[in-house]
Amino acid sequence: MPDVRAKAKELMKGYCRVCPVCDGRACSGEVPGMGGLGTGEAFRSNVRALREVQLNMRLMHDAAEPDTSTSLLGLDLALPVIAAPIGGVSFNMGGGITEAEYVDAILGGCKSRGIIGCTGDGVPPFIVEASFGGLKKVDGYGIPFIKPWESDELDEKFAMAFDSGAKVYGMDVDAAGLITLRKMGRPVAPKTPDQLREIIQKVHDKGGKFILKGVMTVDEAEKAAEVGADAIVVSNHGGRVLDHAPGTAAVLPAIAQAVKGRIGIIVDGGIRDGVDVLKMVALGADAVMIGRPFSVAAVGGTQEGVEAYIDALKAQLTQAMVLTGCKDIAAVGSHILYNNK
Amino acid sequence: MPDVRAKAKELMKGYCRVCPVCDGRACSGEVPGMGGLGTGEAFRSNVRALREVQLNMRLMHDAAEPDTSTSLLGLDLALPVIAAPIGGVSFNMGGGITEAEYVDAILGGCKSRGIIGCTGDGVPPFIVEASFGGLKKVDGYGIPFIKPWESDELDEKFAMAFDSGAKVYGMDVDAAGLITLRKMGRPVAPKTPDQLREIIQKVHDKGGKFILKGVMTVDEAEKAAEVGADAIVVSNHGGRVLDHAPGTAAVLPAIAQAVKGRIGIIVDGGIRDGVDVLKMVALGADAVMIGRPFSVAAVGGTQEGVEAYIDALKAQLTQAMVLTGCKDIAAVGSHILYNNK
Amino acid sequence: MPDVRAKAKELMKGYCRVCPVCDGRACSGEVPGMGGLGTGEAFRSNVRALREVQLNMRLMHDAAEPDTSTSLLGLDLALPVIAAPIGGVSFNMGGGITEAEYVDAILGGCKSRGIIGCTGDGVPPFIVEASFGGLKKVDGYGIPFIKPWESDELDEKFAMAFDSGAKVYGMDVDAAGLITLRKMGRPVAPKTPDQLREIIQKVHDKGGKFILKGVMTVDEAEKAAEVGADAIVVSNHGGRVLDHAPGTAAVLPAIAQAVKGRIGIIVDGGIRDGVDVLKMVALGADAVMIGRPFSVAAVGGTQEGVEAYIDALKAQLTQAMVLTGCKDIAAVGSHILYNNK
Amino acid sequence: MPDVRAKAKELMKGYCRVCPVCDGRACSGEVPGMGGLGTGEAFRSNVRALREVQLNMRLMHDAAEPDTSTSLLGLDLALPVIAAPIGGVSFNMGGGITEAEYVDAILGGCKSRGIIGCTGDGVPPFIVEASFGGLKKVDGYGIPFIKPWESDELDEKFAMAFDSGAKVYGMDVDAAGLITLRKMGRPVAPKTPDQLREIIQKVHDKGGKFILKGVMTVDEAEKAAEVGADAIVVSNHGGRVLDHAPGTAAVLPAIAQAVKGRIGIIVDGGIRDGVDVLKMVALGADAVMIGRPFSVAAVGGTQEGVEAYIDALKAQLTQAMVLTGCKDIAAVGSHILYNNK
C-alpha cells in the first residue's frame, strides 16, 4: 500500500493530498475535487462520528480464526465491503488514469477478491460509457448507480444499466440538489415515494434488486422500505452535497433499530480500515461502502492497488474480530461497542 | 467571489485577513478593526454555536425548486437576509473605499437583489452623513440604525432618519457600554423599558417600524415585545462589546419559543453562507442579518461584490432547502435539525 | 499596557513568555518559573474552567454607570480585586527587578488605586525581608502571607507579620507538599483543624483577620469556617502544587453555595481581565486574587505598570457590568451566567 | 532524568521521539516501534482518559509524610508500581542496548528500589533467553509474561518460566490477534475460560501466582476471577492490538466495582508520573504497570535510569498524596477524585 499511496499522491496532485489520515480537513470545499462541500463539516463529521466509537476488547473466547464473509442482496461477499460508486476521474481526481481504467480497476479488483464494486453516473457521456463498458467486461458483476434525473434520461440510463448484465442497481438520490446540473439543462431532483415505487417496480420487473443511496433519517429509511427498496445506503454523499449533515455513524443506530431485517442496510462515510468496517456492522450495518480510499487505491495502483487495499481491509477486520471475540459477521453486535455515556 | 475576496484582502490589509473561514481566531481583540473584543470568545462562540448545528438530509419529497422569498416588517425579501448595520469603514476596515461608497454598495446591492441593507451610526459625522445620504439615493430603501445615545443626539439622529425616506428604523442598544464614547462626552447607554417605549412610540407615530438589536435573553425578548418593538435582533454585536457572550445560535431557540409570532425575530452572528441562513431559520429566526461577509464583499467589489455575495447565498440556500426538503421558508422548521443529544 | 508587557517580556526572558493569552500552555512544567507543575494541566484547567463560563448580555435597564467598589474583611476596595502573594522574583521571574522593588510595586500600585496587595513568603531570607520591609513603607496596607511551616518558623514569621502593621494575614496552606523544602530541613505541611484553630486564635488575639488560601472542596471550606477563618481563597496555587487539580471556577459554585455569608470567599486562578473578575463574582466570590498578570505588570512597569493594569481591570469590569445590567457588585449574581447545559 | 531522556532520544532515533509528553500523537501507527496501532487512537485514549481525571486538593489533615508502600500477590512493593513486560528492544526501540541489557536494567532497577519488573516474550529466541537469563540473575525477583501461544510453545515456555525462580507469572492474552504470528506458523490466540483454568492450575500447582493481562470489560474481569486468576491487568496492550479500544482509566472503575477484593487489579496505559499512579489507585487499581517510560529510562540510562525514574515516581506520588490527604495507599479512594459531571 505505501507504493500505491505514493503513486496516487503523484497522480492526484492538485486534487487529493493522500493525507496520512483521510479526514476532510485539508480539502475543505474542494468540490469538484475530493473534498467536502463548503466548510467540509459533513465530510469531517463522518470521520469524527466514526472515531468516537470505541470497541470493547475481549480475549476469553475461541474466535481465533474469524470468518469475515457475509451475503447481501443475493451477493456472497468475502467481507462486508462494497466499493462505492464514484465517477469523474478527470475532474475529481486529476485524470491520472482514464475513466475506463478506473472502472476496470474497481470492478476487477473487487471481483478478484470476492467483493463487488459500483459504477458512477454523471454528465459527460464518457462516465456512463466507462461504467457500462466496464460492467460488461466483468459479466455484469458490479452495481451500476444512476443519478436521480428528472427527465427521460432516467429511463434511458436504467435501460443501459439493464443491458449491462448487472443484477443489482442503485440510485444516489443524495446527488439531487446539484443545482448546477439544473442550470445546465440536465436537472436531477429528489424523488417522491410514488416516483421511487415506480422506478423500483421497473427494476424488480427485470429481476433486479434496488439500492437507494442517501438516506439519513429514520423516517426516510422507513419510507424506503415501504416503497420496496431492497437496501438503503446511509450516506451524506461523502459530505459533498449538504454542508453540516451529521456523520453517518451517528445516524446509523437509530435507522438500524427502525428497519433492520426489513431492508438491507449499507452505510458509507469516513470508513478507512477494517476496524471502521467492524464498527459500522456493530452499529447496525449489513455492509459498508467505501469511497475515497478505493479511489486512491485505483488511481495509485489500478487493479493491483484495489486488491492490496481489500487484502489490508480483510486482515484488519480479521484481527479486530479476534480482539472483540466475533467468530463471524453474524456475531458482531452492539455488545462490542464501548458505551462511554 | 474569489476576485472580490482577493481585492478585499488587499484593501483591508492590517484590518481583516479575509480568512478562508471567518471565525474570529486570527483577529482576537482587534477592536477597532474587524475582530472580537478581548479574547474574541464571543465572536468565536457565534461561529461555534452555528457550526454545532447539524441538518437532517432528506430526499424523498418534491421540493426540487424551493422558493427562498419571505416577508417581514412589511418588506418583501428575495431571501431572509438583511445586510447588518456597520459603520466606520476607515477605522474598522482600513479605508480602502469611502464610507459613502460602502453605504452605496450595501444599499444598492441589496436593493438590486431583492433584499435590504442597514446603515450604521457613530461618532465622526461622516458616518451618518454617508448613511442618510446613501438612503436618499435608494429612495429610503434601507434600514437606518441609531446608537443608544444618552443625550439629545438620540432625537436629532432619529429626526435625520425620519427625513431619509426609510420605513423601518433600528437601534443597536448592544452598542451601549462603550465607555470610551462616554469619556469622549458622547455617552451611549442601556435603555429602560420606559425609555424604549417612548422611542418606539415616536417611530410608530411616523408610521415606521422599529427593530431593537442586541437581545440575548428570553426575559429581554419578552420586554421588547411588551414595549412595542416590531422586531428584535438576537445579537451580541459580533462579539465586539461583551467578551464571553454566548453564541447567538445557542440562545435563539429559547427566545423563539418565547416570542415567535408576537414580534419579528432576526438574528446575526457567525452567518457566512446559505446553509447558515437555513440553520438560523430552522432555529426560529424570521430572517438573519449578516455583517462581516457583507463588509468583505462591499470593500472588495462594491455593489457588484455585494450582489455576487447575495447570489451565492441564494444558490446555497436553495440547494440546502432541496437537500432538507423545504419547498419554501414557511416549511423550514426544527424537523430539519439533527438532534445529537 | 503594551509597553509594560513588552518590557516584561524582555526582563522575564527564559522565565515567562508574556503570551498574548496567559493560559499555561507554553510554560508547562516550568516550576520554578511561571508555569504549572508537571503537565501544567491544573494551570490550564483554571483558564479553561473560566473560559467555559458565558455571560448573559442585557441592555434594557438603567445600569449605565456601575459602581465597582466593595468591602471585605474590613477593607474598602475600589474593585473586588487583590494582588496575590507571590515571592521569588529572582528564581521565578528572572530577577529583572529586585524582590523589594517587586513588593513595592505591588503594594504601592494597589494602594494608590484603592485595592490591596499581598506579600509572599519563602526560603531565602530576602523574600520575607522584602515583604515585611515593603509593608512598613505603606503603613501596613497589605496582606502578608506565611507558608505552613512545620517548625517554629511559623510562629517567628507570624511575629514578624504582626510587627509589620498589617491588619489582615494569610496562610497559603496549598504550599504544603513541597517535599523539596522538607528535604532542605525547612518542612511545610498540611494543617489539621486544631492546628489552624490555634493559629487563627493568635491572629484574632492581635485584632487581625485571617485568610486561609488553598481550599478546593466543600468539606474543607466548611472546616475553614468552623475553625474561625475570616476568609478562604479557593485556589490550587496557580496549578503549581498538584497537577490535575480542577479549575477554581469549576469548584467555586458549590463552595459558595455551602459557605457564602459565613466566611469571605476569595478565588484565584486564571483571572486575566475585568470580565473574568465579573464571572468569578457571579460564580460566588466576594473578591478575586490575581497572580501572574500582576507579576508581568510589576516586572514590566513597577508601580506604574501595576496601576495601569488595575485601571484596565476597572474599565473592563465597568463595561461588562453595563452589558450584564449590574449597577453594583451586590447586584452581580448567577442570573448573569448563561446556562448552556 | 533529563540526561537519561536525552540519551534515550539519541539511541531510540527512528523508533521513539521521547516527546515532552508521551501521548501517542507523533508515533501513530508505528508498530513495530513504540506507537499505537493504526490511527493510534487506543494509545491516545489511554492518555486522554487519564488526563480527564482530576483530583480534589485537600490540606486540612495530618498526612504530611505519606507511606507509598503496598503489597500485592505476596509481593511487598515500595510503591504500587510494576514495570510492564516489554520485549523486542531491537525492532521496537532501535537496539541501542541489547535485549539482555534491557532486561537487566528493568529487573535490577526495580529490585533495587523495592518494586518489581516483568519480562516479555516473543518470536526471536533471544527475547525469552534474555528474559529468563535476567530473572536468574536477580534470583527470580521478576514476573515473566508468556504470550498466549496456541501450540506446545505455551507449555514449553511456562516450563522455562517455572525454572527461572519466579513466584508470579503472567500471560498477556491481549497479544492474541497478531495474525502475523499466525502466518509465521507461531499462532497466538484468545483463550477460553476452560483453557485459562487449566493454565492457571498448572501455575498454582507450582506454588505460583497468575496474572491475566488484557482485560477491558466487566464480564471478562468476572470470568478471570472465576477461572482462578490471582490478578488481572486492565490493559489494551498500550493501544498496539486493537485500534479504538477505550482508555484503561475509563473502563477501570466499573471493573473495580465488580471484582475488587476478589482478584488483584493492576492497570496500565498512559501512566507517566506519580500523579497518574495516584489517579489509577483512586479509580480502583491495587497497582499499576508502566511501559514506555520504563523503556525510555532503561534505554537511556540502564539500571541507573530505571532507578532515577522510580525515584521520581515516588517523589511525585508522595507529594500528590500529601496534597490529597492520603496517609497511605489504603487511604486512597474515590473521594480524592473530582467529579465534574
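Each chain gets a letter, A, B, C and D, in the order it is written, and its residues are counted from 1.
What we mean here is this: contacts are C-beta pairs under 8 Å (C-beta built on N, C-alpha and C of every residue); 3 or more make two chains touch, one makes a residue touch a chain.
This is a predicted model, so every value here is computed, not measured.
Identification of common neighbours of chain C and chain D yields an empty set. Where touching is counted per the definition, chain A and chain B have no chain in common.
Distance from the chain A centre to the chain D centre is 41 Å, each centre being the mean of its Cα atoms. If you average the CA atoms of chain B and of chain D, the two centres end up 58 Å from each other. Arrangement of the chains shown, judged by which pairs touch: one closed cycle in which each chain has exactly two touching partners. Of all the residues in chain A, the ones that touch chain D in their complex are 20-21, 51, 53-64, 273, 275, 279, 315-316, 318-320, 322-325, 338, 340. Every residue of chain A that touches chain B in the complex is listed here, in rising order: 28-29, 38-39, 41, 45, 148, 150, 173-174, 176-179, 182, 187, 189-193, 196, 214-217, 219-220, 223-224, 236, 241-246, 250-251.
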